[in-house]
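To keep things simple, chains are lettered A, B, C and D as they appear, and every chain counts its residues starting from 1.
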Amino acid sequence: MDMKEPTWKTSITKVEPNKLLLRGYRLDELMGAVTFSQGIFLAIRGNLPTEKESKILDAILVSSIDHGVTPPSCLAARTIASTGAPLSAAVAGAILAISKHHGGAIEDTMTLFQQAVSRSKTLKEPPEEAAFAIIEEYRDAGKRLPGYGHRLHTKDPRSERLFQMAYELGIAGEHVKMAESMEAGIGKTMGKQLPLNVDGAIAALLCEMGFPSELGNAFFMMARVAGVIAHVFEEQTTMRPMRHINPKEHVYDGVPERTLS
Amino acid sequence: MDMKEPTWKTSITKVEPNKLLLRGYRLDELMGAVTFSQGIFLAIRGNLPTEKESKILDAILVSSIDHGVTPPSCLAARTIASTGAPLSAAVAGAILAISKHHGGAIEDTMTLFQQAVSRSKTLKEPPEEAAFAIIEEYRDAGKRLPGYGHRLHTKDPRSERLFQMAYELGIAGEHVKMAESMEAGIGKTMGKQLPLNVDGAIAALLCEMGFPSELGNAFFMMARVAGVIAHVFEEQTTMRPMRHINPKEHVYDGVPERTLS
Amino acid sequence: MDMKEPTWKTSITKVEPNKLLLRGYRLDELMGAVTFSQGIFLAIRGNLPTEKESKILDAILVSSIDHGVTPPSCLAARTIASTGAPLSAAVAGAILAISKHHGGAIEDTMTLFQQAVSRSKTLKEPPEEAAFAIIEEYRDAGKRLPGYGHRLHTKDPRSERLFQMAYELGIAGEHVKMAESMEAGIGKTMGKQLPLNVDGAIAALLCEMGFPSELGNAFFMMARVAGVIAHVFEEQTTMRPMRHINPKEHVYDGVPERTLS
Amino acid sequence: MDMKEPTWKTSITKVEPNKLLLRGYRLDELMGAVTFSQGIFLAIRGNLPTEKESKILDAILVSSIDHGVTPPSCLAARTIASTGAPLSAAVAGAILAISKHHGGAIEDTMTLFQQAVSRSKTLKEPPEEAAFAIIEEYRDAGKRLPGYGHRLHTKDPRSERLFQMAYELGIAGEHVKMAESMEAGIGKTMGKQLPLNVDGAIAALLCEMGFPSELGNAFFMMARVAGVIAHVFEEQTTMRPMRHINPKEHVYDGVPERTLS
């Protein structure tokens, strides 16, 4: 094993005795000065977000913290937790369930929107035409368009809120426009509405903020860890070990609906 | 398999068509109104944090986002990422490395402080005495006190900042006091300083906010996912697959030190 | 990062160009000469098993390959597989579900039998007395004895077969005797039969072969990987993605019962 | 959540009180009658292997048990183990490192050989021609042929032994022939030898036994779990926690080379 390994480089964090720099900033200066989501943006992108990006990122992360006991990420975590496993094992199991059909649509939809916007620019087509052409391509190839439709929600309140915020903050650009053009195009082509789902809305906004599609699922993952931890704690403190977990037989017995103000 | 399974209960999230309630609040109302760390607190605790708790939680999470390439959570993630594995596999590997000797000290130190505070109250001992008695118990049993000392940092800037904020915000209470009493006691008993490390400071503040010790590692996990994602992205976009990763041979080549203002 | 790391040692495998030695034997000499379970024993213990140990190890591993769709290791794997995740993610999820209440009893029961045999020798008590004393200790402490009882099987055919083989092969020794003494003692103390389960029988035989208790779960893990792979393949080739998996609603539609001869 | 879930089917294992049938056979009848690798074949394929298949499968599994400390599966496991994590966490981490560039070549090479054999039959080309055409396709597309070449072994003793056994047992068929044709074709096209590696040899034999390519990595996974367990045990019993693991600084200090007879 005498192969020479060249020194390797990292540009994320510099650690010296009693001094830690994240992307150049002292961690102890960041603490108290930036929020967690600003710190996340800094770690991943290398610079702090603008105020608008910060708001959108918070909304994206909050939208995905939890969506009940039936998603596979929750069920994998509860199944593992019910064997008496440590929190880390249950959370790791949840993350492994974030894949093609669960959360994975964000990455695929980012690629879809980026390709559609690129086509629109290259061919000098209006977004509606580019959207329509791509919808037809998918239909002819028998492929499902990612980012549209939901098994439960016909009008996802999270997608609507994300786009509403994007318009209010002035960060809705060509990817948001393309997402809307595709929704309209699908309605016309298929003769039924298939609304933009939350994965699709997140995808459009991550594109607007310039994230690469490879990081699409990353935000869903970070958000889900919080919800999963709540479920693992509930499972291990209120349920008997090794129970049969039937996802459909649950009832909600938490606080009734309430509002912020 | 005809065992009758009773309907089971959850109090975290209620999902209906086009409506999702997290701890009673509509997700689309929370989006834009609360930060990610406020959403995390809500999911785990069942209620929104106060302004002060929110600030401390942000500081705790920001303090732990990343601390370089040498921690096992980073190395496990990079090792897995270097095989061409998906992001979820690499992140899951990182979380599995959060265990007894890495991150796990938060849970153990919370238990330590809770027991010490409880002893101080029960026996009506001043905190210094309770701290001293427990330090001696550990020493006599040949056990290492969790939360104190660090292999690299002799004066951890993150612990200092966390306690400074706790005092400024007025949430430093009996657990912070106990943490300080123990630090002083260790100095006297062992004849050398072993300062409170960042795990210990986080532990004290989570105790002040009323979190159970079982959730101690949860906050470290959530924070680390962000840093790990940055490392996995860097590994997969800038390094060749299957390289030998020698943790000590790295150099930092990111932006030079800078300040926020 | 200038800490000096001493060269570290491993005694498992030596790799040179075109030559691989597992515990001293060339891999290409082992191939065709030893079975997989003999190779497993060699890797873990450092020497090849005797013919008798080899037979017992095969029986232990075969006993645990699969036990239906309801165990958490299977459900975690199927839940993850149903999201379109790669095989490795689903298998990792299954392994994470092998913990205190699922598979973990092997390690605990090994410790139990080793302590009981040790007590019997130290105090020069007959095994029945040592067993009885320990049963009472557990009962008084309100603790459950690991390795006895099963939620479904009142007389586990796998435990019976393992002990039958151990007697036929002449490797039943003091740990098998202790396992039987405890079963008898439980019957007398509790007024009802709580038969040795398969975890308990495996534990006794691993003790007879001299494995440390820390490796108890290892054999269950290795065996389960095979069964889990069969389930993941079935899930991904015959079920629709993201289905709700109710463990109780399944029916077996495989080949009818058959015999080997 | 009132969606009706149809009863679902499994054909792997039937569990009744005191009776467990794996693919129709009673587990307690299989125990003592079949080896672990025969049980693995039965679980995955639905029928017991022939004597020849059984021998090849043992050789495949033995070949992959371990290949030193530098593979990512070993390093991920040791990194996680060094944090004091349970065995299951370390083994899960190892499995997550079995991916595109590590073990994953088996699946890709199976697909390659199956396509090449299919082309040879469809176009009625001799295998050498089909092999040559495909090598050129890969070269023109700038893609690397999976299953050939190794960073350390110029003549892998494990590939040679597998093919030698396949010929002796009479199970070398059109996929083995194609593997050899490709090796020859690569030599001619590229002007240098790039020998079939162990992934490639395993791939050819799994094809001969009729396994689907989706299960290619499964056998590598099962074999590696054994080796990884040996490494985790060595790490946790002989090394200090949280050490910096430099893969290149190790030395082998196990038993010297020995032979079976």
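Please note the rule applied: a contact is a pair of C-beta atoms (placed from the backbone, for glycine too) under 8 Å apart; a residue touches a chain by one contact, two chains touch by 3 or more.
Since this is a predicted model, take the numbers as computed values, not measurements.
Novice: Which chains sit in contact with both members of the pair subunit C and subunit D?
Specialist: Common contact partners of subunit C and subunit D, which must touch each of the two, are A, B.
Novice: Examine where the copies subunit A and subunit D touch and state whether the two sides share over half of their residue numbers (same) or under half (different).
Specialist: same
Novice: Taking each chain's centre as its mean C-alpha position, how far apart are subunit A and subunit C in Å?
Specialist: About 39 Å, centre to centre.
Novice: Could you tell me the distance, in whole angstrom, between the mean C-alpha positions of subunit B and subunit C?
Specialist: Distance between chain centres, rounded to whole Å: 34 Å.
Novice: List the centre-to-centre spacing of subunit A and subunit B in whole Å, with centres computed as mean CA coordinates.
Specialist: 23
Novice: Where in subunit D do residues touch two or more of the other chains?
Specialist: In subunit D, 1, 3, 5, 15, 70, 85-86, 88-89, 92-93, 96, 98-99, 244-248, 250 touch at least two other chains.
Novice: In graph terms, nodes being chains and edges touches, is this line, ring, star, complete or other?
Specialist: Basically all the chains touch each other, so complete.
Novice: Would you mind writing out the residues of subunit D in touch with subunit A in their complex?
Specialist: 1, 3, 5, 70, 85-86, 88-89, 92, 96, 247-248, 250
Novice: Which bits of subunit D are touching subunit B when the two form their complex?
Specialist: Touching subunit B: residues 1, 15, 70, 72, 75-76, 79-80, 82-86, 89-90, 92-93, 96-102, 104, 151, 241-242, 244-248 of subunit D.
Novice: For a test of understanding, state which residues of subunit C touch subunit D in their complex under the given definition.
Specialist: Against subunit D, the touching part of subunit C is residues 3, 5, 7-15, 17-37, 39-40, 43-44, 46, 55, 57-59, 61-63, 65-70, 86-89, 91-93, 95-96, 98-99, 152-158, 160-162, 165, 214-215, 217-218, 221-223, 225-227, 229-231, 233-234, 236-239, 243-246, 249-260.
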